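Here chain A shows up in two complexes: once beside chain B, once beside chain C.
And then the complex of A and B:
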């Protein structure tokens, strides 16, 4: 749960980016990702990846963790990337065990890998350094529905509690000599465990609502308003627009990969 | 019912949704300046009584009057909730914001204070309880004792006139318990305290009653 913990810590980072308004940072990340996803040549994507890496260096110099996050995401799409050359028809590159690998498939895989990495790096660079409260406020600031933001805040707060409840129950099971095997008894016991977690969470959610009502909650979370935009926010926005324009220019100038 | 009665309960009945009847005609009063201990066996309905008093569960029949006004409907209860503070048995139920400061500010913000005022009140409450420097701590990483004190801070930050404490010493070590006793003794609010801890009650309570077989008897 290292991830959840860092998100909860009030950020103390003093990098250039952390002084930019969270609304601008979230919108900037969205803009860049949506632009990147629609590209079809590799040059602007490579440039975006490179820039995002440089900015990550500015915003969050915790390289081992960042690398782990990127690799975790790459792990998800690795199989798909390996399969693509074999599943997309086109000009044959080589034959492996009777299966033809096509150039078109390879290019598609390269593009998807670049886009996915660009997206996650942009997110790490621009949004990754925010703590939960700031992110909540930023999301509310760009008019994400309050219900979603509240849900998001609760998830962050209670996911660890749920995990600890699960671990406690697991330990209690193990203390009574339970060993997970692939048999009826094991599956039934896991079913009970999950069921118990659900029931407990439901009861807990009720008690939390009571506790909130006792503190005069009427269905509206107060995140507080964000400070007014400063000149450096506008400077950041202008730089971002120029950069996006440059990327689009590069996309138009370079031939599409597929 | 005398004028000094902060809480008056008359002939209160409550049955769990499962059908088990736990309150069977409870009569209770709490006077200003009192620290009333509510004792009783496990499952006797002590917590349910507190939940009835806050209007969190609905009593079948009976009368509840808090701070001079009769409470029956949700809106009537809502009006008094800021003035009565309930400390829950499990502090994890009460602390739901990521950081301590946000959590302590939650009540004052709901009462309509500005963010700056709420922040001031929160910091002052924390410092009164000896929790200076806790504001940026993460609620779920606190120890059991710290959680209980922070939960108390979230209640006190709304400056309630009555405190309802549901097993406040449950799971605390001797040091934190001693600290809690000192805090409770120094607070001006009238309190209704549920506890099984006789030593604790002897030091804190000014009067005690027992809930047994659904009714209140003098202890």
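And then the complex of A and C:
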């Protein structure tokens, strides 16, 4: 499992994209993903996947981690994709153990795989390099309610804290020779572990509240204001609009797969 | 439990998003200034809980504990779970962006339902019936969630029906485990900090 600590790490990438305003990057990712999900031919999707891979490459990401992320997602949907050719009725491609696999099902599986990969790659390329603070500021910038953004920032702050607490409690359990097995004792112990985590975090949140009140907390997070849009932001936006238009043109020009 | 981008039909995605926005805004209204750190702590706990793997049958599964989240947060569970899912999508790549709404509804709605059903009973329960209430909340929330995931797949097309059945079937062992675990947790919390299970919807600071 990828450590939750990485959530808090500031982005170190200094690619072309990291200089673009976070608001534009979030909106761009949203636009591309929503467009991609509604496509029905493979050519624009393949083009989007390719472009996203190239941009991810520009962002100089942590390759092992990125690869692990994409592969984990693909492994996750593999079962569903493998079942699709057998469950969609249509022209028979081959028969396996008495089940007919159809071309239509295969095509649908290919489409879903392409869409899922395009979405995750776009997300990694455009938003993945952002650290949590920048993401929060960007979200606030696109008029996500301040309360939700505040909750988001607080949650990120506490995740790392709680993960350490959890690891500490696990060490305490191991010191008492606890081994996780398939029995009621293990489940009860995990239940108590979670309960202790909740109780401690509750007490801690009370202390935090008092401390924050002493420092004039009144309900939301203050971010430094985001910089003005620069010419390169507008350049990025127009390039994105052209690219989306090209993708839609490709979608219209190419026959749908199913 | 997560559905990825591109699998669901547009109608299901849009319906999920609309419902999720409604749930999240209602949940946010229930969080006052004093409750903010507490809700954030809880949503962080549930994020960390989703990193805990427990042995279930021959393999292992990560915890979801949405039933427990519901008991502790009431309506505020909607924004809490939305944030957890958003973080997972952006930083780990689990789940998708367009399906965030559907995933939020699938996990948070059973949690709210369990809170509404179980917590009045839990407030009066003692001894063994605390364990029972916890078990019902924990396993019921997982059962409902997996059924809703199945339904949202089935609503997207007939061809997903076998997958939907598989989803529900594969969650049966997890129901038992989460039930037992939630029972133990609720038992402990009720003993140590009963105020955390307050059945009132408002999350006023309970120091």
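Things to note:
The rule we apply is simple: the second predicted complex is superposed on the first by the 249 of 258 C-alpha atoms of A that agree within 3 Å, B and C clash if a C-alpha of one lies under 4 Å from a C-alpha of the other, contacts with A are read in each partner's own complex, and residues count from 1 in each chain.
The rule is simple: contacts are C-beta pairs under 8 Å (C-beta built on N, C-alpha and C of every residue); 3 or more make two chains touch, one makes a residue touch a chain.
Since this is a predicted model, take the numbers as computed values, not measurements.
Model built by superposing both complexes on chain A: chain B and chain C fit together without a clash.
By the document's definition of touching, neither partner reaches A:19: not chain B, not chain C.
Touch criterion not met for A:168: it reaches neither chain B nor chain C.
By the document's definition of touching, of the two partners only chain B reaches A:133; chain C does not. Taking Cα centres throughout, chain A sits at the apex of an angle toward chain B and chain C that amounts to 70 degrees, reported as a multiple of 10. Of the two partner chains, chain B and chain C are each touched by A:154. Of the two partner chains placed around the shared chain by superposition, neither chain B nor chain C is touched by A:185.
In the superposed pair of complexes, A:214 makes contact with chain B only, with no contact to chain C.
By the touch criterion defined above, A:34 reaches chain C but does not reach chain B. Chain A is touched at more residues by one of its partners, and among chain B and chain C that partner is C. By the touch criterion defined above, A:222 lies against chain B but remains apart from chain C after alignment on the C-alpha atoms of chain A.
Superposition on the common chain A brings chain B within a closest Cα-Cα distance of 7 Å of chain C.
Residues 154, 156-158, 161, 204, 208, 212, 217-218 of chain A touch chain B in one complex and chain C in the other.
By the touch criterion given at the top, residues 5, 8-10, 131-133, 153-154, 156-158, 160-161, 204, 207-208, 210-218, 222, 224-225 of chain A touch chain B in their complex.
Those residues of chain C that touch chain A in the complex are listed here as 2, 4-7, 10, 13, 24-25, 28, 31, 33-34, 36-45, 47-49, 51-57, 63, 65, 68, 72, 79-80, 82-84, 86-87, 89-94, 96-98, 159-163, 166, 177, 180-189, 192-193, 196, 205, 207. Of all residues in chain B, only 51, 54, 56, 78, 81-82, 84-86, 88, 90, 92-94, 96-99, 102, 105-107, 109-111, 115, 136, 138-141, 154-155, 158 touch chain A in the complex they form. Touching chain C in their complex are the following residues of chain A: 1-2, 4, 6-7, 29-30, 33-34, 36-38, 69-70, 72-73, 76-77, 79-80, 83-84, 87-89, 105, 108, 111-112, 114-116, 118-120, 123-124, 127-128, 135, 145, 147-148, 150-152, 154-159, 161-163, 166, 180-182, 184, 186-192, 194-199, 201-206, 208-209, 212, 217-219.
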